[in-house]
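Quick one: the structure is below, and I'll ask about it shortly.
Think of it as A, B, C and D in the order they're written, each chain with its own count starting at 1.
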Amino acid sequence: MATDIQISIVGSAGDGTIAAGEILRGALAGMGYKVISFDVYPPEIRGFGKCIARMRITTEQAYSLKHKSDVLVSLDDSHAIPHADEVRECGAVIYERGSIVQLPEGGHMSAHIGPGQLPYPVPIRELSEKSTGANRSRNIVVLGFLAGLLKLPAEAFQKAIAKKFKRKAAAAEAGEAAFRAGQDFAAQTFKLDDVLFGPPVSTVVAGATVEMISGNAAIVRGALDAGIDTFFGYPITPATSIMERLATEMPKRGGRLLQTEDEIAAISAVVGAGFAGARAATSTSGPGLSLMAEMLGMGVIGEVPSVVFVSQRGGPSTGMPTKTEQSDLHMAVYGGHGDAPRIVIAPTNVDGCYRCGGKAFEMAEAYQTPVIVLIDLYLSNRYETVVFPSRPPFEADTNRKPGKLAAGAQYKRFALTADHISPRAIPGEKGNMHVVTGLEHNELGRPNDSAEMHEAMSRKRHEKLKAALRHPDFTHFKRFGDEGPVDVGVISWGSTFGECLEAMIKARGEGIRCAAMKVVMLSPFPTHGVTAFMTDCKQVLVPELNYQGQFANLLQANVARPVTRLNRVSGEPMKVEDILDEIRRLAGRKAAQKAA
Amino acid sequence: MGEIKPIYLEEKLKEIEESGRLDYRSKTLPTWCPGCGYFSIVEAVAASLCELGIPNENAVMVSGIGCSSRFPFFVNTYGMHTLHGRALPVATGVKTANDALTVVAVGGDGDGFAIGGGHVPHAARRNVDMTYLLFDNGIYGLTKGQTSPLSAVGFRTPTSPYDNPDRPLNALLMLLSHGASWVGQAYAGRPDHLHRMITQAMAHRGFSYLHILSPCVTFDKTHRTYQNLGMQVRDLPADHDPTDRLAAMREAMNDATPALGLYYREERPTLGDALDGLVEKAGGELPGKPAAKPARKAAKR
Amino acid sequence: MATAKNVRHHVVIGSGVAGSQAAETLRECEPDARVTILTLSSLLFYNRYDLPKVFRGHRDWREFLAYPAEYYRERRIGMRRCSRVAGVDAKRRAILLDHKEEIRFDTLLVASGGRGYVPEELSEFRPLMHPFSSYTEAMVAANEVPDRGHVIMLGGDMIGLDLARTLLDTRHRVTLVAGPQTFWPHEVGADERPGLVAALEKMGIEVVEGADAGGIASIEKGARGLSSRRVLFKDGTELYGDVVMPFFGLVPSVEFMLGSGVDIERGLLVNPALRTTNEGIYAAGDVCQIWSDAERRYRFYYGWKNVRAMGDLAARNIAGGADPWVPAQDETLHVTADGNIQSPFWEYE
Amino acid sequence: MGEIKPPSGEPGAPAAAQREYLSDDPRDIGWVRQNVPCQTACPAGTNVPVYIREIIERQYGRSYETNREANVLPGVLGRICSRPCESQCRHGWAGNGEPVAICHLKRVASDLKDAGHRITERLYSPTGKRVAIVGAGPAGVSAAHDLSLLGHDVVIFEREERPGGMLRYGIPEFRLPRGTLDIEMHNALRLGVQMRTGAEIGNGAGQIPMSRLEAEFDAVLLATGCMAASPLPLQGEWEKRDLRGLEGVEYGLDFLVQMHRGVKKTVGRRVAVVGAGFTALDCARVAARLGAQEVTIHIRTAEEYIPVTQEEIFEAKREGVRIKGLRTPVGLTAEGNRLTGIEFVQNRLGGWRNSGRRQAIPIEGSEFHEPCDTIIIAIGQQTVNDFLGTKLELDRWGNVRVGVDGMTSHKGLFAAGDYVNGASTVVQAVGHGRLVAKRIDAWLMGRERRKQVVRIVPVEKPLRERAFDFIPRQHMPTAQLAERMKDGKHEVELGLDEKLAFEEAKRCYLCNLRYEIDVDRCIFCRACIEVAPRNCIKLVRGVEINEDGAYGKLLETKEWNQVGAIWIDNNECIRCGQCYTACPVQCISISRCELTEVEI
């Protein structure tokens, strides 16, 4: 039996909602299921904001969340009640049985459970207090109950709980007790629902490893596998966990990580370290990227390899730090003053995060340029099960081209060559001393603002990036769905592509000829491939999470064809239903036109 | 064991209501974690504004980004919640535009000494007539607990999983050397003293810097806890002379047992005074200024 | 649809035969009113009389539901399951649920039914008995009884005897420990009893007269290697079986109405129009004692047809009617010509 | 008042090093009244939380003495008290579970105290005043004890051969073993109280006339209780007929008294008990022990409304007693002089009577008959006044009227217990006896010598753990049915052993602990609210003040600029101590508040 179960845990900040989600998906992945999950949390650490840990557990990896959940767990009714109708028929609703405050009519979850859904009242608070003496372990009680109700093996949970609370013996012990209390209560509860887990299917090929991992963690793993040397960063939601993970992992491999005083300092240090030959990176979000704009220009003109991982959030300004959005595309591709071309790649799933996270370093070195890996909060915090190959698919040291020169000739750091890529020397190399400057310069790197030189150097800096469109072992774009001419083509980027793919598959199921394309490389733009795809499509739909249609703008700047835009800025992932409706509409409009 | 005489609620409530300090609280309940020391600061600021008789509309709270920077939302005055690290320049702008305002910049240690560190010396040396309340919890709370420039050596956080190798900077010493004209330190766990210090800082004419030690109850369970801070803090020696900058620096050097109280105070022209002087020098005419802070002058007497 | 403010809110406590029928009738009578059912059950309405089916292999709860979820959505009947009523304030017309939620009503119908009675002298053995009054209990009991297992039935009310028919049909062994509650709710005279007991024996039930054995001294777990239950009588005799099931008739579930201001003796006391002593509060089904003008006393009426008719009548009276209660079925127990027992309480749809 | 006093050195006072604060502020007295519901509900004012706390500390003797301060018969009341406290217990409030077994724990203090336990008494110097008390029941004995402590010479006149009144002659031994009764009676009276048994007051031969008592004593206290069984009001031909001559008719109280005087009683096969009180229940259970096959209690209303504990009803039912409601006997049937059955009329429920009992209204034409062999009539008891030489003012129920000073219309003549209140409970009699003793003392001495204050003692830390709240109520172990029936005297309730007692005692919330937030030091951080297990800590803007000067409802607000204080709602507080531990600035204090008396 194939498994396809979606569980949502909804609570208030401080209820441990997200932590419960982490443990649950850790346990499930440990059992061998494929998981995709995405959490929603408020900007305050505590207070009263809504938190949702939502995950879909499948036999084969899925790339988007379902519209309906099979199980809803409420740790705070005031937040969970609006989500009651997201539970499917015969799905389970697990909620706190009692209340310590007087409730108005409708203030309790039981008032909102539809006749087709199955109620599971649990004395969550009481079980927590009974088993641990405090009410803090309510989230773990709920996990115990889930495990008991869905007949999942306790060991996987115990392992995940122990992992979560390692170094905190008392908390781990309380966790154990709370878990057992929940499980015991489930044993006394009569199970009614038909939420059933099939056996997990192992798809691991020899040598490969399977892990349930978030987008940010995948980026980190990619960077580590590509041999990152130095990292400078400044905490910012939702990119912080990239830095946090690297802080743990890099020293283990002799790498160096420094928390700088701000993002300006961080990008500056990255450019410095890149100049010095290190594989260097920073991570940030929109506000930090804005601060970095000037120094990125320096990286472009200085032709310094550098990598910036950007996880977008709702903007502008401080905006919506804990909500997802894809509105930094303009900033990433065009941001900053002057003609400052750079490579921008945007993975569409967690596996892609791993690949882009590593390939970014290859590209930065190969084309001597800043590379921005553009993801968003949804992808950063989304968990998927990823199969990692036994050997990292990244080149260790790419095209540094030192000492390519004939003896006696003067070293030209910015030599104009046929492929527009100059020999790069790094400090410490004998005889190749040079200066990298933010001023326009000649081949030697000496300031020069002549018309000819600025034109030649501008051309060099733009043209050399074209080679990146043929960068080996890298998916620049990819087409899915029906081959040949189609009625509707969906083209999208980044985290939204998972929803586009699912909508496209559903549309095909409804008999609509349909295809989808993901574009990973945003700058330079793969005009050829995208044009070919769009020629096949009678209608082109571009769904993305921003108001302006930033990707559609980019598309239309490169391919002169009308497209239909589908924009959402709700701060949450796009709904598959919305895309599907639009596909249906476009397919129908075409039919209507034909009839006319 | 404290007083054992019972507290009679309605008498207490009457006293609080009559004091008028509740008028300085916003309607919104603060969203900090229960137990956070910052609650203590809101209470103290409200009480100080009340005690000094500053009308709500004449006060401006300016903050950057961080847990502490949510502060302007919880007091009933004008406020600005600006960019990370940029509270001081924005506050300088506010004060420069209108001297009659009581400007209070608030922010955390990361906001003030990491990303915004470059702004501190300049606000201090210019002697902008404002109060800078530095909420020092030694951690980045809003991004869930990374090290800050004021985190202790050896402090473990997600970005310093093998201990923090950096030593914390000595904020008091910095401010003293940057030329802040009023420098003091308080602790959130001593609400009474905190309130008295804030009142003094606000009453001071010039750049007053109050460093407030506070625990982060959610992300720091090892270092700066109520328990540890309670044991570490001491009072400044009774004979400390707050006009002696060197003595103040000597006290500030002892960061193992932080001393609470007024370290240093001097009276000197503010940025506003200097700018007025320039106008005078240039032969210009000062625009009709509103009477400068009558209430504060009264309070100082 | 009328706005929330001006519509009447009819609340029904209990989702059994009476409560469900009442909700349906209320909806028909008042298309715009709000109708809410509060029930302790986690399932939608199912027919308790169907429960013996579990011994015929019907185990999935969906098979027991009387109506699909659609039924409630279409009729706009609010269905609040797992809701325990903690108290009713008749004066303020408010119901306090156990989880501290308060629900206001304009009219209230109490149809909370009855729960299985266990005589006090046997109450300490409750943990060793398998009651059979809900789907959950039925499933627990069914899982406990092995194929061709032996069921010891105590009391033997008509609900139990109905189950006994199924048990015998599915090749189980049934021993009845008879007592004053045998044939409840039929009132059986001393002269009729021997004939009826003989009919039971003819059906295949082994009958032990409890009183002859001095009454039950204790119920115990069976010793190792023996059946899992032992019933010990005061005269020293004993019985071994796989489960012990109590069928001593029903007692009304009225705990939550104590202190509400509504009059209670054993059940809620209602007038012939099924109204309690309080304006706007009605009762129907096994929970109410109806004033019988003919018999000059308050009395219970049992049986599926009666209970359903009560639900219907109460709803119509809530909606403005004032019709008096007329029993919908007779109450006599027959032995047919071929010596089988026939009871109106076994007739249901 | 209001100053901090050194310890007073009274029994049960804190150790010398502790400070205490005595307050007569109505807000503090009101606090205790509202917050310690068990003590407030107890007619004797027993300091329940303190004696339960002492059981947790395994100081059973001390616990016994704490009980004795309010009530000289802890072992007796620990068995047969009607427990008005338990229905008020905070642990039994909605959502909190079941009440603490306060009564069973009282018995624990008595059962488990040291064999050589030494009782403590606070003695006043002799006053030279003489007081006569008529009746050695619970009210008389309690008053005698207190008056003799206060220095007066007390003589008790008792009609029966032994002291105890209803306790000895009305309550069956399976509920109250006589050994316990004897010891506690002796302890109560041995401080110089003269006991004259077999001494009947009246004007007949061999009786002592009232006038003699009035002449010889400075004050006389009447505590003769209600020792006359009320007659059964029947209708028609039975209305005027004297039932006493009929075979098979018994009056409950007489039935029990005769049995305890040593008369051998028998009952028929089918016994009908009419009545709804403890006496009715006792008679039914005695009947079951005397071999009746069917014992039925017929009540006018319904089980919900009868004034007996659920445990008692349950035990009776286990013994085979059945209860039938909504019926009033209107006549009997007899064959010759032999009772054969009862004619009942069906009732419906009526309104509430002032006493808090439900009314039953007979339905015309609903008569029905039930056969029986014995009827025991236990519908109530009345006072007997014919021994009085003087004419006293009576109230409309026929009870003697007394003023607030406890005195009857006759100067120097006081009355206490059931004799004043009508048939009530033992604990009410004990409480009333104490109260009237105080009044007599005030009258004799010309002034109040003691007054009630609140003693406030700081407590170092919460004395409870949250885990205690989840302990279920411990059940009283009872004797096997066979054991009970063997001889009618075997005690049914076996008492909690030390382990059960410890578990049960831990359940007590210790409501006398007062958690208070020092508003001046509070930083409004809400750490306490976060950990609170109930909705017990509130953001308040004000508080209502009741007419008696005590606090009423807290006025809550969610608007920050209205929040004058964060305050513990003592009505919701279950004394779990979580807030105390959570407060970062230690602004929550705990003190123990208890009612006590001080010399004026």
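Convention: contacts are C-beta pairs under 8 Å (C-beta built on N, C-alpha and C of every residue); 3 or more make two chains touch, one makes a residue touch a chain.
For clarity, every value in this text was computed on a predicted model and none was experimentally measured.
K.L.:
Hey, which pair has more contacts between C-betas, A-C or C-D?
P.N.:
Looking at A-C and C-D side by side, A-C shows more C-beta contacts.
K.L.:
I'd like to verify one number: the distance from the centre of chain A to the centre of chain C, where each centre is the average of its C-alpha atoms, in whole angstrom.
P.N.:
Using C-alpha averages as centres, the distance is 57 Å.
K.L.:
Find the geometric centre of each of chain A and chain B from their Cα atoms only, then give the gap between the two centres in Å, rounded to an integer.
P.N.:
Here chain A and chain B have centroids separated by 39 Å.
K.L.:
Averaging over Cα atoms per chain, report the distance between chain A and chain D in Å.
P.N.:
Computed value for the inter-centroid distance: 71 Å.
K.L.:
At least two other chains touched by the same residue of chain C: list those residues.
P.N.:
100 - these are the residues of chain C that touch more than one other chain.
K.L.:
Which positions in chain B touch two or more other chains at once?
P.N.:
Chain B, residues with two or more chain partners: 30, 32, 34.
K.L.:
Which residues of chain A are in contact with two or more other chains?
P.N.:
As it turns out, chain A has residues touching two or more other chains at 14, 98, 100-102.
K.L.:
Which chains touch, pair by pair?
P.N.:
Result for touching pairs of chains: A-B, A-C, A-D, B-D, C-D.
K.L.:
Can you list the residues on chain B that touch chain A in the complex?
P.N.:
Chain B reaches chain A through residues 30-34, 65, 67, 70, 81, 83-85, 113-115, 117, 140-144, 146-147, 149, 158-162, 218.
K.L.:
Which residues of chain C touch chain D in the complex?
P.N.:
Listed in rising order, the residues are 86-87, 96, 100, 119-121, 123, 258, 263-266, 269, 277, 291, 296-298.
K.L.:
Note which residues of chain D are touching chain B in the complex, please.
P.N.:
Of all residues in chain D, those touching chain B are 2, 4, 19-21, 23, 25, 27-28, 31, 456-458, 460, 514, 516-521, 523-530, 539-543, 545, 551, 558-565, 567, 582, 584-585, 589, 591.
K.L.:
In their complex, what parts of chain A are in touch with chain D?
P.N.:
Within the complex, chain A touches chain D at residues 14, 98, 100-102, 125-126, 129-130, 133-135.
K.L.:
For a test of understanding, state which residues of chain D touch chain A in their complex under the given definition.
P.N.:
95, 465-467, 469-470, 530-535, 578
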